[in-house]
Structure formats: C-alpha cells, structure tokens
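As structure tokens, here come the structures.
Next come two complexes built around chain A: one with chain B, the other with chain C.
For the complex of A and B:
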C-alpha cells in the first residue's frame, strides 16, 4: 500500500493513532528546499560577514586592499593594539555597565509591570498593550527624542527636576562625561522595557493557580507567595528574557549615536559604536574588526545560554 | 473573598493607577508630537507649555518644503516594503519547513537561525560594505534591502515556526488525498490559514526595516537615496538643533508605525509572546 493510503487508514482507525509519530511529508524534497532558501540567505549575509570580520581582525587591512580577500597576515597585532588602548578598556567597561543596568532594570521593571497588569481590572489588557508603542518606534527617533528631553537649557527633564526643587541648577545630562552613560542607559531602558514586560506577562499568565490557593490556605503572605511560588515558576522565563535583553542591548547603536555619538570623550561609547568609528571614521579596519570580535564573543556566549534555556524549557 | 463592593473599588483604583502610569510612561511620545506644533518662541519658553498655546504648522511647513521629508519617507518605504515582502516570503517557506520536517538537519538549522540573529548590525556593516561594493550595488536600494532582510528574516522564522505548527496536519492530508501536491497544499490551504500571523510578522518586519539606520548610513552615500532615519540624524547630529523641526520631522516619520501598531496591537502582542520564548 502506498504511503498516502497508509495515512488515510490511520486517520480512520483511532486505535492506530499512537503510531502517528512521522507526520505527513516529513521528508518532502520541497520542504528541504523551503528550508534551504532562508538558511542559505542567512549564511551568506550573516555568517559570512561574521567570519569575514574575524578574518579582517587577523589581517593588515587598509584602504588600498579593502576589497581583496587575501591580505598580509597580521597575527594578533590588531588585538594587541586594541588591548593596549586605554580607551578600549573604558568602552568595554561602558558596554558591561550599559548592558548590565539594562538587563537588571528591564527585567526588574518589566516583571513588576507584568505582575501589576496580571491582576485583571478594567482596561488592564489594553493599557498593557499600549505600552508597547514606545518599543515600536525607530531607535534613532527614540535617541533624537531623548536628546530633546535631556537638553540642558530647554529640556523638559531639567524643567521638571528644577520645578520639583530636586536639583538646584540644570543638569548637563549629555555633555557631562560622568552622566552621559547614565543618560543613554535611561533612554534605552525606557525603550526596551515594554518588550521584556510583554514576554514576562506571557510567562506570568502561564503560572498555574493551584499553588497560590494552597499557599493562601496555609497562611502565606503575598511576599512569601512571590518568593516561593512566582519567582521559581518564572525562573526559566526570567533567564531567557535576560539573555534576550543582553543580545538586544549589545546591539544598541542608533540610540547612542543620535544622543551623544559615544561622547564626550568616549564616556558613553559602547563596543559596536567604537568599532564602527574605527572602521568608518578612522579607516582602521583591522582594529575595528578586532573590537567587533570582542563583542561577538559576548553575544555568542549569551546566545548559547539562551538556546540552552529554551532547550531545557522544551524538555521540561 | 472580598465583598463585591470592595472588589469593585479595588479594581477602579488599579485602573486609575494603570492609566496614570501609562500616561507618564508615554509622555515622551506626546511631547514629540506637541513639540512639532510649537513656534520657536514657545519651544524655548520657561516654563514649557504642556499644550501649545499658539499651535503652528510652521515646523511642518519647513520640513515638508525645505527638508524634503516626503522624499525621505518615500526612500524609507522603498526600502521597508521590499524587505517586508522578502521576509514574509522566505519566512513562510522556512517557518513551514521547520514546523513539518523531522530530521537532525532541522534542529541544526534552527540552532543556526537562533544564533545568527544575535550579531549587532553595526559590526556587520564593514563586511556588508565590502560585499556590496564588489557586487557594484553601493548606493542602491537593493543593497540596503538585502542587508536589512538578513536582520528581519531570522526573527520571522523564529516567530512563524510555532505558528505553522498549529495548522492541523489533517487539513494537509485531506488536501493531498484530494490530489493537490505539496506546493499546491502550501499555497491553497496552509498560507490562507496563516494569513494573520503572516500579516503580524510582516508588520513587525516592516517596522524594523522602516527604522533601520546602520545599513543605509553605511551603504548609501547619496543624499537623495537616504531614508528618513539618516535624514533625522543629519538634523540632530549637530550640537545645536531646531527641536520643533526635528520633532515635526520625527512625528511625520513615526506616524505610519504608530498607525500600524494601533491597528494590529493585540495581534502583535500575541505574536511576540508566541515566538520569543518557544
């Protein structure tokens, strides 16, 4: 009997349902073609550029040989030059601070807001969805907008702070090197938190209710219920969202580029922007690529962690 | 159990807190729209006015007439619409294949896709520049479209795979019993069922491509080809900026995104939660 006939029969005999582990066309050539097209696209336009970047970081690249594949091998010279640069250390620490604060704030605030909206009250779903509007804006526009909000002379943030008598004089949010990184971090937290919140809302909605009922009977207070039921139940989701925030925040470029350009004195610079400036403003391609490699290692490590949390969740 | 009257009161307190919090959170967007409606005198007023006292379209007039905001928008759309089509087409094929194939190869492909979505595009800009220079595509929309699709495609595949899984296999079996081949089944049965998820993924891809900045900045040096993101940047990059004009420009630029968002809000929320954690 041909395969199609088999399927037909199986569908009619409930007893044989259990045998149905191989679904229809699980080896169809068309499906392999369907899979090959996007995967080939991603290999050509993501994997190849990544590999090319790593290659460039090991070569002596200048404006003359930029279009060649074979260039003088430079060994680890570019990496040595990068490591010796005190600016690089500063920017590397900036990146860690920027990403770290974003992860903590976006996951923390995101969870608090998700829990708030998980209490069903009139308009809770609509309001929660509305928050996502900020996340939909182009990052460059968010940067421009926050540059205006943070403007020293006429920015609304300084007006509010002075009006509430919280500060005596206008704060130089973007031009003070000790504040610029905090300013771009605040803007990015505003921008990214709705996404974390929406993902965590889904996880909160998936927590079963029975343990809460049992805990309430046993006399557990709200804090205990949060500590012993909500948090453990959300642990995989929190880890996955923290990974995603890390990946998305490591990518931040447009927002910082628009707000401060990484300045003043690289005080708000991060790895991708620093690398881009070396490549496209100073034409030090090898150095730019070597800086990129450091960022690659970080995002790739976090991506592996993310994939493993997804795997674990899928098997649990 | 709380008495019903108390419960109702608690609900309205929560609603009021929710409305207040949402309003404060979204205030910057409101500020963007009203800043564009202010006159130069009012934008530098102390204290700032929450509602423009003398609303004026002068800033809009300026960005439409002098800054060519329409040309920038047309360029943004010329990039974002093809990216959306390419992403949805390849995303539908790949998402369908990922949901139906059972083989080691598929697990590997999924891993590759998950890992390839994480690289910051600012770091891929140099190789992209070299690739498109070799292909002779610098200063063409095609280069930006192809580069940007590499960013939207991985996301589309990840979101679409679990959604394709929900299409009952029985429907496909029935269609194939009726004599359709696999491609016909895909086109006539599966795609129509998946219409709404594909629209959501298309909308999200559109929003990403519409706001793309790094690739056009790198791959397009001719001003008449640049999209609105690059246009806004050339406005705010300087130390001093005409904020009412920048905000008018930004307001015009984000309007399509916000309209799309308001139309699809519920479905976008559902789509995001389905994809990223599964």
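For the complex of A and C:
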C-alpha cells in the first residue's frame, strides 16, 4: 500500500530512519532536555486545564470563591444536576448528531471534491485553492453570513427555493426548533469540507497510477476501480481525517453562537456552547465544568482512536 | 564624538523630564463602547488632561464578552480598576463580594449624590443597603415606527398606537406579505435581550416576575404569541437580536419595532425614510405605562490596584456636563439634573426621557441570570408553540419561585 500521499499527516519521513542506527549508549543528557520541553508543555497547557476543569466540576464554585483553588467540595452534585436537566440530554444528543452528520458529510463531500480536482482540467489546481477560502474565514463571520442566507424573509436560500418553486412557502431555517440543528449543520459542513478536501487531495495524489492502468486493461469500470483501488489506498487517510473532523466539530462554538446562540429552545445547542452559557451567562461554574467534562471524555476517546490509527498504520 | 552627543541629548531630555513630577498612576478601565462619539472618549481625554495624578488606560471589550473577561480576571486575581457592567448582572457580582463597596466614597462625594439619580438605575447598584455601582447611563425601550408606511396604509403617522388593541390593529394593517413587510418586530431571542423586550408587556398587563403563573403574565405572552401566530410579526423574532430587529426595520421589513435609544445613530445613518418614536402602548383598561430599564454601571472590582483613581474617574464621568454628551450616541443620563438643551433627534429625546420615568430595573437579584433563563425558555416555548402558554409559564414560575423565596426581588 502506498503511503506517500498521507505521510504528511504523521510527519514521518523515511530518511529519518537512519537515526535509529545510533547506539543507545551514545544518547546525551541533552536528549532528555528535548524530551522535557514537550512534556512540560503538555503538563502546563493540556494536563493542568483538564485537571482544573475536573476539580471545578466537583466543587461548589461561585463568583466569590472562583479565585481560590480550594472551594467547597460538592462531590458529584454538579454531574447529578446536569444529568437531571432535560435540556442537557437534548444538547448531548444534538452534539452527537451534529458531529456525526458533519463527519459523514465532510469526509464524503471532501473525498468527492478531492477526486474531482484530481482529474486533469484547466484551472483545477487554482480552483481547488480557492475552495479553501471558505475555511480561512473566521467562524463568527461564517455564522453571520449563514444567518443572513437562512433568514426567513430576506434570505437568499428561501429566495432561490421559492423562485425555483421547490418549496411553496418560506422555510424557517433558524427559527423552527425542528430545523435549526440541520441548518447549523449545513453551515458547518460548508465551512469544514475544504479542510477534509485538501487533506484527502494530497492522499489521492499519492496513489500510484500503475494499478489503475492494470485494472483498466483487465476491464474494471470506474466504479470498480474506485471500490478496489482508490478506497483501500485512501483508507488510512480517511480514518485520520474522520478523527480530525470529529475533534474539530466537537468543539464547534463560534459558528453556532453567531447563527442561533443555541436556540430556539436549545434545539441547535451543542456541548461547548452550553458549557459556555452556564459558565459565563448563568455564572454556574461547577455545572459548566461538568458539561465540559462530558465533552472532554468524547473528544479524548476520539483522540485515542486517532493516535492508535496512526500507530497501527506506522507499524504495518 | 557621536556617542558624546547622544549622551548630552539624553542628559538634556532627562533634565527636561524631571520637573514634570511623578508619572501619573495608570488606572485600567474596561468598557464596551465602540462608537467614537461616545462620551467615554471625551471623558477619558478630559480626565487625563485635567489632572496629573492618574492616567486612564482604556481597553475596549466587546459587550458580549465583558462578563467572561471579568470572570477570568477575577479567577486569576488580576482585575482592572474600573469596569462598565450591564446593570442586571451587577447584583450577581456584588452579592458574591467581588466588587468594592463604594458607600463611604459616595457619602463623601460632591458629584455622585444618590438623590439626584433616577430610582431604577440607582437601585441596580445596591445590594443589602450598600452601594456597589454608580450608573453611567440609562436606556429603555420605545416604539419606533415607519411613518411612510403609516401613510401608505392609510394610518395617521401623527397618531401612533397608544394601546395594545391599537398596536394590534396597526400591525395587522401594516403587514404586507407581498412586500415582505411585517407590522411589528421585537426580539424574543433565547438571551437576556428577549426578556428585556418581553418585560414591558408583562408590566403593562399588571403582571410581575414573582407571579408568572398569574393571568396577567399569560395575557402579556399571549399578545406576543398572537403577533407571530397571525403573521403580523416574523417567526424569526425568536432568533433575532435587538440590533437585528432594528435591521429589519431599517430594511423596510418591519413597520414598527421595539427599539432602544442606542440605535438612533444607526437609524439616522441608514433608515432612508420618515421614522419616528412613540411611547410604548398601554394595555386597554389597565393604563399602566411601563418599560424595561437598561444601561451600564461603573463598578470597581475588589482587588483593584487603584480604586481611588477609579472613583475619581467615576465622579468625572458623572458630571452633568459630561453626561450631557451621552445623548450623541443615544445614551440617556441616569440623573434627573441633566437635561440636554437642543438635543439631537429632539422628538426621540422627548419620548425616551418620558419613557424612562416608567422604566423598571431588572432585579437587582444575584440570580437574575437564572430568573432570566426561566423566562427565556417560557417565551420561546410559547412562541414556537412547543408548549401551551399556560404550561410554559407554570414551569417558569416553578423554577423562579424557589429562587425568590430564598432571596426576594
């Protein structure tokens, strides 16, 4: 299996293998310093905030004692309060649906577009670059943009749909609780797909052409070539991209904040925004931290999956 | 040779700088006012030039991030010396002991005199008889209407609706689905803004936050629900912030909207039609004039390094001469002794100043955000039709009453 295409995802380079031949005994103490730097970084900027959040979720925190580290211990009260809140259950399910549909759509559409641009036609490289423009915009701007597009009366989406007579009456994209999650999901797919596309493009470029020629000689059609050559060759890249998209989407915040603020009735709310609202709008810091813990557990699980995928591929 | 010259120049500069006494002490200020014409900019300049003890170092924080920024500052123990806070959240901060008690300073102050302040704004800074904030400005809601549309639809623009039934019938007449025009617009966003715009109707009906399960509360919410249900207001009101409601007005998609005075500079610039203001209508037979009170308060976080300088600046900004400038960006003075002569938008000024007399403060209550959230959910449930009005309000009352039983409003 060819790995050139997605090598950059792991940052591994075949030439570096030469380093392994250096005998163990010659390792200088300097190497431990190099090890200490990333470890210190991880402890200070990853481990500490996570531990602080867990600590906070077990305490009774208010504006008056937030500056202290030792606050009244609340046990699992915050978690109990969160689990008992029907809004939380709704938001938790929202998050799963939001992330799930984003991963499927972003990877699926990203792959389709990547394959499209791998065909040789004039401007294919330049156009692919242009698509990235969407991904470079700040999420708050994208959110404001989609809020206009989805406005019931003066939004372009309804204007086009009604103009083409596809729908009889304007759709309440953002003010109908049964639609708002779908609307923010569409916006986020638009926003995130270029990222998947560019990663997958590189992987597609790395597939050698010989198997295709051989398959064509053996009479394999385009679908069969996709099914038996392209997909297997891209499998590791697809998995890695799916993990990355999960992690990026799991922490989506600004886009939804700008489009709906999580409303109406938390129908488009997701865990990070919900946690933010409890913390900074309701001043319920323990509850906000407990919600954050739930989000963290999910992201951590996916991150483990991502790392183990990379490891497995590396040893293959 | 060159270095000797430089030394001489440096020495000269030092000698020149020396007599200017000690450097002024920096007083850090966080505020949310992004219009350059806001009185705070002239105030900072004037304050820095008028004395040499203190220098205001201002930082502009986006309004929707200020609470979060202040909380982070409190958590890390490095607070600014002075902050402008949205008045309903002041009690959350003061009740938890995170603000400096200003009672003694106010007692000695020649400028900040409690009796000249309007009751509502002043109350927002009080907690358990202590003064934790001084109002900076005040605002309230009034009815903004498109006089051109009134004429087109055969309504008299000199006679805006004065009662709920007139408001309803005007909204009905002005609604024109063919032209994408809704008769009425308001914000019912799942945010503090939504509550801010519902409260006037609740008060006008004779209702109160303490009794959301009473018929008065139900009538007020029913009115808003009916606007949306009958198509006289857009269903998007549940996802529109106040400035977005004003946008629909300026774009000619809403004929009448609830509107605060801070929108006046924008209206003047972008509304290319005859727009006017009116007092909020009253409920037929009840005749209670009421509106919501908004505005920003000055607070000094506990642990501020220079609370003396901060309070000096509060006094400077509370001078009627400075407060007079506030109206240039639609900020009303929170004091009764400030009357703007020849104001910009004279008609609007007269309306807002009169409406301010009946504006009621939100809280003060340390758990105002919880009360507000319960109301937001009820309002959204009712308007989306997710639940019957009665059930939605009963639920809100059930959430609110235990909070108020512990700490009454």
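Throughout what follows, the second predicted complex is superposed on the first by the 271 of 316 C-alpha atoms of A that agree within 3 Å, B and C clash if a C-alpha of one lies under 4 Å from a C-alpha of the other, contacts with A are read in each partner's own complex, and residues count from 1 in each chain.
Here is the rule we go by: a residue touches a chain if its C-beta (ideal position, glycine included) is under 8 Å from a C-beta of that chain, and two chains touch if they have at least 3 such contacts.
Just so it is clear, the structure is predicted and the values come from calculations on it, not from any experiment.
> Which holds for A:261: it touches chain B only (first), chain C only (second), both, or neither?
In the superposed model, A:261 contacts both chain B and chain C.
> Which partner, once the models are overlaid, touches more of chain A's residues, chain C or chain B?
B
> Figure out whether A:63 sits in contact with chain B (first) or chain C (second), or with both, or with neither.
Touch status of A:63: second partner only.
> With the two complexes superposed on chain A, say which partner A:283 touches: chain B (first), chain C (second), both, or neither.
second
> Using the touch definition from the top, say if A:174 reaches chain B (first), chain C (second), both or neither.
It touches chain C, and chain B stays clear.
> In the superposed arrangement, which partner chain does A:228 touch: chain B (first), chain C (second), both, or neither?
Touch partners of A:228: none, neither chain B nor chain C.
> Check whether A:152 is in contact with chain B, with chain C, with both or with neither, and answer first, second, both or neither.
The second partner, chain C, only.
> Contact-wise, after the overlay, does A:73 reach chain B, chain C, both or neither (first, second, both, neither)?
Touch status of A:73: no partner.
> Which parts of chain A are in contact with chain B and also with chain C?
66-67, 147, 151, 153-154, 261, 276, 279-280
> Which residues of chain B touch chain A in the complex?
These residues of chain B touch chain A: 10-12, 14-15, 17-19, 21-22, 25-26, 28-29, 31-32, 35, 43-44, 46-48, 90-91, 93-94, 96-98, 100-103, 105-106, 109, 111-128, 130-131, 133-134, 146-147, 149-150, 153-154, 157, 169-170, 172-173, 176-177, 182-183, 186, 207, 210-214, 218, 229, 232-233, 235-237, 241, 243, 246-247, 250, 253-254, 257-258, 260-261, 265-266, 268-269, 272-273, 276-278.
> Residues of chain A touching chain B in their complex?
4, 7-8, 11, 22-28, 30-32, 34-35, 37-39, 41-43, 45-50, 52-53, 56, 66-67, 113, 116-117, 119, 121-124, 127-134, 136-141, 143-149, 151, 153-154, 156, 159, 163, 190, 195, 198-199, 201-203, 237, 240-241, 244, 247, 250-251, 253-254, 257-258, 261, 272-273, 275-276, 279-280, 285, 288-289, 292, 295-296, 299-300, 302-304, 306-307, 310, 313-314
> Okay, in this complex, where on chain A does chain C touch?
Residues in contact with chain C: 62-64, 66-67, 147, 151-154, 172, 174-177, 180, 260-266, 276, 279-283.
> Report the residues of chain C in contact with chain A in the complex, numbered from low to high.
Contacts found on chain C: 67-68, 71, 74-77, 92-93, 96-98, 180, 182, 189-192, 234-239, 248, 251, 253, 369-370, 373, 377, 380-381, 384, 386.
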